[in-house]
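Labels run A, B and C following the written order; every chain starts at residue 1.
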Amino acid sequence: MDQILGNIGLLFEFPIVNFKIVIDGIMIGALFALAAYGLALVWGVMNVKNLAQGDFVIAGGYVSWWLVQHGFPALLGVPAAFIVMWGIGWVVYKLVISRVIERDLFTSLLATFGLAIMMAQILNLLFGSDTQSVDLGYETLYFADGLIDIPIAKLIGVIMAAILAAGVIIFMKSSRMGQAIRATAQDARAARVLGIDTEKVYAFTFSLNAAICGAAGAIIVMVWVIQPFYGITHSIRAFVIVTAAGLGNLPGVIAAGLGIGALEQYGAHIFGIGYQQAIAVMLLLLVLLIRLIQQLRVRQVLK
Amino acid sequence: MGNNKIILYAAILAITVIAPFVFPAFGTQLATLWLMIIVALTWDMTGGQMGYNSLGNIFFYGTGMYVAAAVTIGMVYDVGEYTSAHGGGITSFTDQQYFTGMFVGILAAGVFCSVCAVVIGYLTFGLRGPYFAIGTLGVAIAAGELVSNWDWIGGGQGIALPVYPGDLDEGKVFFYFLFALTGVAVFLFCRWLYQTRFGAAINAIRDDEEKADAMGIHTLRYKLVTWSMAAFFVGIAGGISAFQLIHFEPLETAYQTINLGIFMVVCVLLGGKGTLWGPVIGASLFHVFKEVTWNYFLGWQWVALGALIVVTVVYFKDGVMGYLLHTKPEWFGVKIDQKASEETS
Amino acid sequence: MSDVIIDVQGVSKSFGGVKANTNVSMQVERGGITGLIGPNGSGKTTLFNSIVGYHPIDGGSIKFEGQEISKLPVQKIARLGLLRTFQQTRIYGAMNGVENMLISLPHRKMSLLDALKKNTREDYERADQLLEFVGLYEKRFLKSGDLSFGQQKLLEFAMALMNEPTCLLLDEPTAGINPTLINGLIDRLKRANEEFGITLFVIEHNMRVIMNLAESIYCLAHGEMLAQGTPDEIQNDQKVIDAYLGAH
């Protein structure tokens, strides 16, 4: 308890520490937002709530890590993870997701939960249960007498996340496939009537989601750590963000992603790093409760 | 009750009683089978009968373990001192302390868990469908993480209970019968509950909660009561497990979200959701499958279990009972209006 | 002075700028049959949903037996004895008729201990009586989902009676029903009102039905209360005729 109060005191004593925490949080939150955007996409288009989302992230991280272990440059990992996870996403869609789309929501939730367990265990068997990361070998920039440190690797990570996000947004706005995806999200039946091959749209959307997650994971392995069983926490973060922001609300997803990142960093600072997972989950419960109270005020429930 | 049914029940009871003596080598596995039946039956109370698919029922199992342990130890020693000593020096319990502690501890586990269910349910029952599932999963994960940071009850190292005072094999049989007794009690309880007006009302909540609301059914009250009844039994099962396992730790044993926490759901789906016998059949099938095949997967067991979950959910969602209901509706006394269906077709 | 059971005063409700109800006031008298008519989009269902608690209202007050209910959620209002049926009939399709009836027992009058009992012989007898009353006795053991739409509507009506409401709100009870069955339904609604003493508040699109059924009629148009009176008065009210013909 004393330690917690001490940590809080530190925030007031050295206000600059807040600045560092927020910057750290925003940098990692940008990556959370990417995975959450993918979840919102799949959720909105085919109404599948994918609990394997975080495992796609982790798998993408391992693709990049494996490449680096075999002598490839680290930055190549991001496009490589994008492509590999695209393929895996497509296979997963064809084998599992395509068969649960029209079923009740719990079915898809449970099927993706089983998938999450499988993927985590496979990664564990292939790569072992140690935490892994990729060192880009760049320097760290120091500000404010060394109280703020920003590794260049993290800056590169944020920039790549921004490029990826911009690319996806432009794609969704201007390409034919992007338009078809948005049309299907609004009304799948009407889209079918108008001659859109929704099956193709679904497969594309899910693959795209897996690829976005994979690329996010490849960035995460450069700026943070990965471990086979970290997937579920990433999935929960994605759910927190989407629940807080709502579907089809891109600025909301980005804002919520950055916010969750910052809140988690604050939590880790105050309670200690051991509580990181607990904090992510507590944020989920908090967001659910707030949304629920909002709904109750208009005499509704959270469906 | 027909004659056939009486024979069936008597046969199952007989097998239950003689099983641990006929297969003494499998005492622990048989006890675990009953544990699976208990958690599957109780999961089905909310998941199958009431339509609230919780992924967090494992919370009650883990909490039950810890409550039972803390109460039992607390009756004799200071819990904080006991856990910080890691069992070094102060672990002697007399037989009387052991059995009184066990009785009180397990009962306290059940009661505490039903109170937890009311509190958590009050906060989460406004959530529907997937939100409820994810929310309850969040509760279970959060609890595991918090407990593993709580040094008073052993933190991530876990906690150790005294060993059964008698012979080792006798202990196995003892715990088997504790589980079996609880399992039979849960089964009979569910069998009675589903025949009451209450049982019909929770079915109504599952099929159309909005209509149930509009008819003035106390939906929230019934949901809370159902979940707290389920939590009571899961808490008791957790308490028994604590004594059976002797030592346990928070993430892998107590709040084992991705093991038992998801197995119970798969058991119910495998056997048939929303039926009395489905969870029992499903738990038996699942447990036998798991125990028989476990050693042949050479390290890939967990992957195989994940695959089993996916395959069950995707291809065999209605389970054994659902399959029978579909192919042999007359066994269940379902009548179909021949004339009407001819008219409409 | 007559006894008012539902008292709606100055209720307004808009959906994102579209005014569905503006300053609507009306009273339902205890023991009678009150009707609400109005052309499509006049705000009938909005008013109905405001009363039963489906959405918050923007202003005004709704009282049931003197108690303010405009802030209560659906289930609490239902538990006061103000019951509704749905326009798109809602029954438990997987269950048979008798099971549907037994689920409709008035749980609001039960303690938890009562609920944990099995259904009594009286419950079964009452279910059978009411099924007989609506003419579904022969089909009581059939899966309700297999019944025709009209039969499902009758079953929902029987379920509502089983629930022993003080006041029953019916949302277009004759919509989608074979015209030859409508007279029978009107007759049953009247009998439910007389024999069981249930106050009825009926939203109806079909003018002929409401004129035969209700003692007092309110007419909504463009979200505002246009007229109120006996069937004769309403039938001869120029404003009502204009509203239905779309003239202004």
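Going forward, a residue touches a chain if its C-beta (ideal position, glycine included) is under 8 Å from a C-beta of that chain, and two chains touch if they have at least 3 such contacts.
A quick note: this is a predicted structure, and the numbers were derived from the prediction, not measured.
*Asks:* Return the chain label for which the distance between chain Cα mean and whole-protein Cα mean is smallest.
*Replies:* It is chain B that sits nearest the middle.
*Asks:* With chain centres defined as mean CA positions, report which chain is farthest from chain A.
*Replies:* Result for max centroid distance from chain A is chain C.
*Asks:* Which integer distance in Å separates the CA centroid of chain A from that of chain B?
*Replies:* Measuring from centre to centre gives 32 Å for this pair.
*Asks:* Distance from the CA centroid of chain A to that of chain C, rounded to the nearest Å?
*Replies:* Chain centroid spacing, chain A to chain C, equals 48 Å.
*Asks:* Using mean CA coordinates as chain centres, what's the gap between chain B and chain C in Å?
*Replies:* Averaging C-alpha atoms per chain gives centres 43 Å apart.
*Asks:* What are the residues of chain A that contact at least two other chains?
*Replies:* Counting only residues that touch two or more other chains, chain A contributes 296.
*Asks:* Would you give the residues of chain C that are in contact with at least 2 other chains, written as numbers and ranges?
*Replies:* Residue numbers touching two or more other chains: 73-74.
*Asks:* Inside the complex, what are the residues of chain B that reach chain C?
*Replies:* Residue list for chain B touching chain C: 193, 195-198, 200-201, 203-204, 207-208, 210-222, 225, 334-337, 340-341, 344.
*Asks:* Which of the residues in chain C come into contact with chain B in the complex?
*Replies:* Touching chain B: residues 52, 73-75, 78-79, 81, 83-84, 86, 90-96, 99, 102-108, 110, 112, 114-119, 139, 141-143, 146-148, 159, 163 of chain C.
*Asks:* Using the touch definition from the top, list the residues of chain A that touch chain B in their complex.
*Replies:* 49, 51, 96, 99-100, 103-107, 109-111, 113-119, 121-122, 124-125, 232, 236, 239, 243, 272, 274-275, 277-278, 281-282, 284-285, 288-289, 292, 295-296, 301-303
*Asks:* Considering only the defined contacts, which chain B positions touch chain A in the complex?
*Replies:* Interface residues on the chain B side: 53, 55, 123-124, 126-131, 133-135, 138-139, 141-142, 145-146, 148-149, 257-258, 262, 265, 269, 299-300, 302-303, 305-310, 313-315, 317.
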